[in-house]
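When the chains are written out, they are named A, B, C, D and E in that same order, and each has its own residue count from 1.
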């Protein structure tokens, strides 16, 4: 591919959302009190994700056949893994931003926000997208770290969107815990940089991932082991893994629904991708045993914690957040096992979980708007009162439970098969038992909310608007399509898996 | 077990010799029974004097069974309703229902003076009337209480044996 | 199959159908004699049957086909069993499918039909009788089948003619402990199946104690005759079966009519002896409380189980 | 600059750097703690400058200057403004004095000093392989960087006041930057620039959130933040 | 060109078409469209099954579908048998389903105001939820929810399609995909009537969690097997099975056996069956009881015999133990149940217990080296699967038409349906005849064959056989006896005598489509009862495909059932003819002596002369089961409480007596309750972990960091 085309394809994903963010920032400044938000401006928001998906598709057709594409003197680089994650990010962003206008209209109607708030929302969301694209496409691990820290800062005010006590609390916890976690990751990066410099790699390319991966054999084992441990703790915090996981339920229960969809669906996965980059380096330097043990332990502890906390959950947005933690631990377990079956299964699980969780969170947003409560106990007879919303929410949770037509089933089976072939049979069996607990808890609460006769207090039956139903149904269909046949994506998936050790 | 066997061998046959067959010509309905009569006793309010005699009639000494007469549990199974005592107010409807429940040809035998003309209890406040007033009686056995032999003879006129 | 085969089957059915009332009459006569009474004579059941057949048929309101079909099915089922079981001859046209499990099941079919008729009337007595009858039938089933299992082991098959022929060829088998235990268990099962004294009193008038009679309280005339004939035939066939299994000598294995006649005569004699023993035993025993019956049946079940396990360990020659 | 003088200067700077971290844990008044934070920023800049001078890398000196301006000047200024806003409270009288002091830290001062000592020991044990890899005077001072990281993290955990927690975070960050300088004389410039920019933005966000918290909760005691929970 | 391939394609295509038709068609024509697609799907399944039973082998590999694994189908006579059974049941139930889901039809019962009798509504109500009368969705006669909703009609064909295709799966992933698709579809169908009764939701939850537990066990077992055998397709498993150590083979067998026995509704993991079946719409519970549970047995055969190639005796003793336990326990609970569909559900658990008992016996004989006898035992088990599918589907459909007509499931309130619904009563009687395992019925044939296999099993060496086989024969006999009591209760109490509630009084015969469906099933029952020999060759091929034995268990070319090696034989056709001829002869002879043609008189019921016997004096299901319950008192441990409310003035005058008896599911109490209590206790205590304070969360982080650093220092 000629350099000009590759430069365009690599800069478009971060650049277009950034431009949109700038546009909305200007509009935010000039927005008077009570001014009406121009309709087309909202739908213009879709340009950013559309650009991301377009570029990702173009790269997807090129990269598996011809290897990674670089631009700007190897600053931006797209290999199999980043293209796959870009595709997932684009898809999830498309769904979230398609659902945003409906959500914000509801918020404005309920008086929680106004025109200025809307523009601020779009500015921050587009900045958030741009940051994530940079994190995926950057070749330099330092730049990846900076981008991920930027996502924390940008989403701080998204989590604190509503100026209530709870949102301030959520925002504070989110920023403090994530920044502390990310700082540890930076310490790990510094140590890896130190080891690389001692191994004789030049200063300019010491943090450049391809060269690091190539020369990983010469890194000093002790330093690399310490650096990798810190990175797993650091980026694990942003990926919702133990020990710095506690921000996730609070942030997700207070953030606007599309934002928590984006965060759960993609932000966790992007930070996990960064972690995978380091895993590739550490595996060549220390052998697969070390990171496998560390990641598997972290994954199982997270799974146990989320399963137990799901059992006694009373708030359905926190329930979905803990379900994200559960799925991230399954993905971490799949990555820990590695190998030709478990690694692609883990990446497929990222995609499936992203789509299903987005639909779940967006419909949870509608449920909140309809019933004004996030308590599971007070939401009854959803299917009876608004069939479309109930059906979509129910099917999204069915997908999250890992039931067949949806891709989460195929990926979970893949991870278990990989686990047994890779020798981690006991860990996978323990994980399945814990997933069973989560299954029971999630199923029980969703059943309470969705099923049952119509509740008089809930008012007359209300249909879900077509504009807000389309993205949700599209998300479900995409997840089901992924579950039945991968088609052209299968080459991309295998390429992505081999870049991080799925030999 | 052994003691009972010895007692059985010791007592031997208790039933008295069968008196000669009564010559009275049997009722038309009785002729159809062909020597097999199944009896359902109905106590329509008797003082149980007649019941004791009926018991003796079917006891080992008089042994009504040897002539083909058998007591049965339900009027459905019975050909003969052996009715005793004056019919009290409560037993009037049940007596009618019992006789109605018996498949034809059905015969009603009234045992004892009370059944024939309310006997001692004539005019009692609880007495509805005698059996003869309530249902059509085919054979009647007077006496208060009638001898078991008289009851057996009446029954033998029905079996013809 | 020779003509005598067909004759044998017809003879068996005729003997059982005709002889059953006589057997009951004979047992009542024995009992009367033991009680010092004169007794109604052996032919009395025939007279009862003839009189009942001539009476007016009655169908209680609200009863359906189950009520009407049950007596017919009871008698027909027992007749088919009489045809199958090699009471007189082992080589008959039907001996191929004369299976002991089929025989036990056909008898159970009669019980089920009668229980359904009891329920069809909708009266309290009908329901009570049906409930108790089915409870006892359910508990008898394991005992009978285990006894069948024990008896079939030496012959290596549950086909009745094969068993009887096998026992005739090896007379020692009848004295073997397994066979004795099996026959004892079978006798207790027969008592329960036909509702004789320890389990149920056929001549009782107290409805609350009835098991078998409570179901048939509503029958009258011809239906009642069939029901009584059916239960009498069932008793005759079962005693015949016990006699054939315990003392198979005399059952015609060859084809000649003379042997057949002798076999029939011997059959009547054996059943009469068993009838006498049963009647005499009834004089000494009283009806057991309904919820003591399961203990009785549990005892016979243990006998049957010992028979089976015993026959395996003792003889060990469980042929194929 | 001769080798001996370089080593002594470096050790002096690291000593001051570690001492400041301990003092942050020791003192309760936020005003004093912010001043100590500024001193620590200066020490960090000194370490960078000494390293730059020793290895004759002028780029490093520029970075040292930038770090000095940011961590000794801008960030403490922001924290002092947040404190004053709290203190002034917009009324005729000062707001209650407890805003300015860490009245009831989660772990009392004596215990936290003991924990700080233990963390320093752990840092030294962990850093042994790092030093063994390339024993130069700079890498021999690595444990100081790690221990400041751990002390910063502990301060983050043990402080009830919002601003005290921000100070803890900044100490943690200073520690990491120090480790970077000592280990490989600083990460590549664009990464260093990005990191500093991110830290600045993080503090700005926390500054705005403190203001919002004061508006919503009427104080910056983090114990009020307990509504979102699974109970 | 064998017909299996196109037939399977037809099954898949029609499933998708049916789903679309059910989802999109207008309400009026929706049941018909979805029903036709499902029936077509079933027919295609039968064609495929028959072709496979005829000996046609078929295999296909579709790498494109199902990411990471690809779909692989492999059909052999064993899977052919199960596909044919499932297909046949689907055709009949689909036809029935069209009638069941169509609006209008019979009078809608529901709980009449007047007939709420004070007597205890006892019987098998499980603890906790009061049994207010189940209002049938159609009884409420309205709206577009329940069985007629878009969701339920769309999922029906998918459920049937997945069930037909499960036996055709050729690799671990495909099997798990179809298995879980079937589970999800049946879960959605169980929840179809969630608006009507709160118990539907709890039943749905129990069903979902236990099915998922089954999937977890299956996934672990098969993944371990695939990993150790070095391949994912059944062929690779079969090849690799020999080399695996005994411990691994044992673990794989136990794991998969637990999952499959749970799906077949056997004892320890059966708690979902008596909950899901009564709450599901009747045609769905017919499909579940008659077809889905068989796939549990299919799994046992496929993994136990075919893939693992048999195993040591303790495997099969385990199976026989589970089979015997659930046979007796299931039928005992059925005897106590007064809810008709709960009774049928427990009877399913009993029949499947017998099938697994036969399978265990086959394995035991095979382990002891006696191949012909193992073939015979397995043929008996397979024949009982076919028979049970026929009569259980018929019984559930009949129960469904009773529920639709009266709105009631409780036998204590039914009664008098023979007069009002003669055809349904007749069909239920035919099904009951099959279920009680007595001669003219089809259940008797397979139970007879099973008994023959066990009776001849004593020749097998080993003390285990000598002790286990007699107990097995006793278990079969006891369960057959109790089954007779259960179905006499169901038929007699449910259909005969007079109606005991207003709902039963208003019953009207079901619409023709439902009767047609049931008639189809009745025809199957009759055919299986009279000419079982026709299945002989098919059974032989299926048994050989399961890898049990090469000899023919049943002699070919016979209408009846001839054992190839011994003189035992059964001619059900001749027995039936003899019974019919006998009945006719007796009827003729009985009329002979009655000279005058006496007209049959209608007389009042004999009531000891008292008042006319009312409906409430008749025996109900609870009173019918009372003797049995007293006999098995220590096994069932019924909970009974009588509260007497005296008149206010004096304690001696009783105003009201309320009697309530509940026969709990003891396995559930002993096994599940403590587990659930422990889990909810753990959950409540763990609530503190998400405590809410920032310091706690950061504390976790610091603790994690220090722990990892310490581990590194220690040199982990």
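Everything that follows uses one rule, which is that a contact is a pair of C-beta atoms (placed from the backbone, for glycine too) under 8 Å apart; a residue touches a chain by one contact, two chains touch by 3 or more.
Quick caveat: nothing in here was measured; it's all calculated off a predicted structure.
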item	value
Third chains touching both subunit C and subunit B	E
Apart from subunit E, which chains still form joined groups through touching: A, D | B, C
item	value
Comparison of A-E and D-E by number of C-beta pairs in contact, larger one	A-E
Chain separated most widely from subunit D, comparing mean CA positions	B
Separation of subunit A from subunit B, taking each centre as the mean of its C-alpha atoms, in whole Å	98
Between subunit E and subunit D, distance of the C-alpha-averaged centres to the nearest whole Å	69
Subunit A and subunit C, separation of their C-alpha mean positions in angstrom	78
Computed distance of Cα centres, subunit D from subunit A, in Å	31
For subunit A, residues that touch 2 or more chains besides their own	172-173, 176, 180, 226, 249, 309, 312
Shared-contact residues (touching 2 or more other chains) in subunit E	598, 601, 603-604, 606-607, 687, 689-690, 694, 698, 701, 705, 709, 712
Multi-chain contact sites of subunit C, meaning residues that touch two or more partners	50, 54-58, 217-218, 220-221
Every chain pair meeting the contact rule	A-D, A-E, B-C, B-E, C-E, D-E
Subunit B - residues contacting subunit C, complex	1, 4, 8, 11-15, 18, 32-36, 38, 60, 63, 65-68, 70-74, 76-77, 79, 103-105
Interface residues, subunit D side, partner subunit E - complex	106, 119, 122, 125-126, 150, 153-154, 156-158, 160, 165, 222-223, 225-231
Touch list for subunit B against partner subunit E, complex	74-76, 91, 93-95, 97-98, 100-101, 103-104
Subunit A contact footprint on subunit D (complex, rising order)	126, 129-130, 132-134, 149, 153, 156, 162, 165, 169, 172-173, 176, 179-180, 183-184, 187-188, 190-191, 194-195, 197-198, 201-202, 205-206, 208-209, 212-213, 216-217, 222, 225, 227-228, 230
Contact set on subunit E toward subunit D in their complex	687-695, 698-699, 701-702, 705-706, 709-710, 712-713
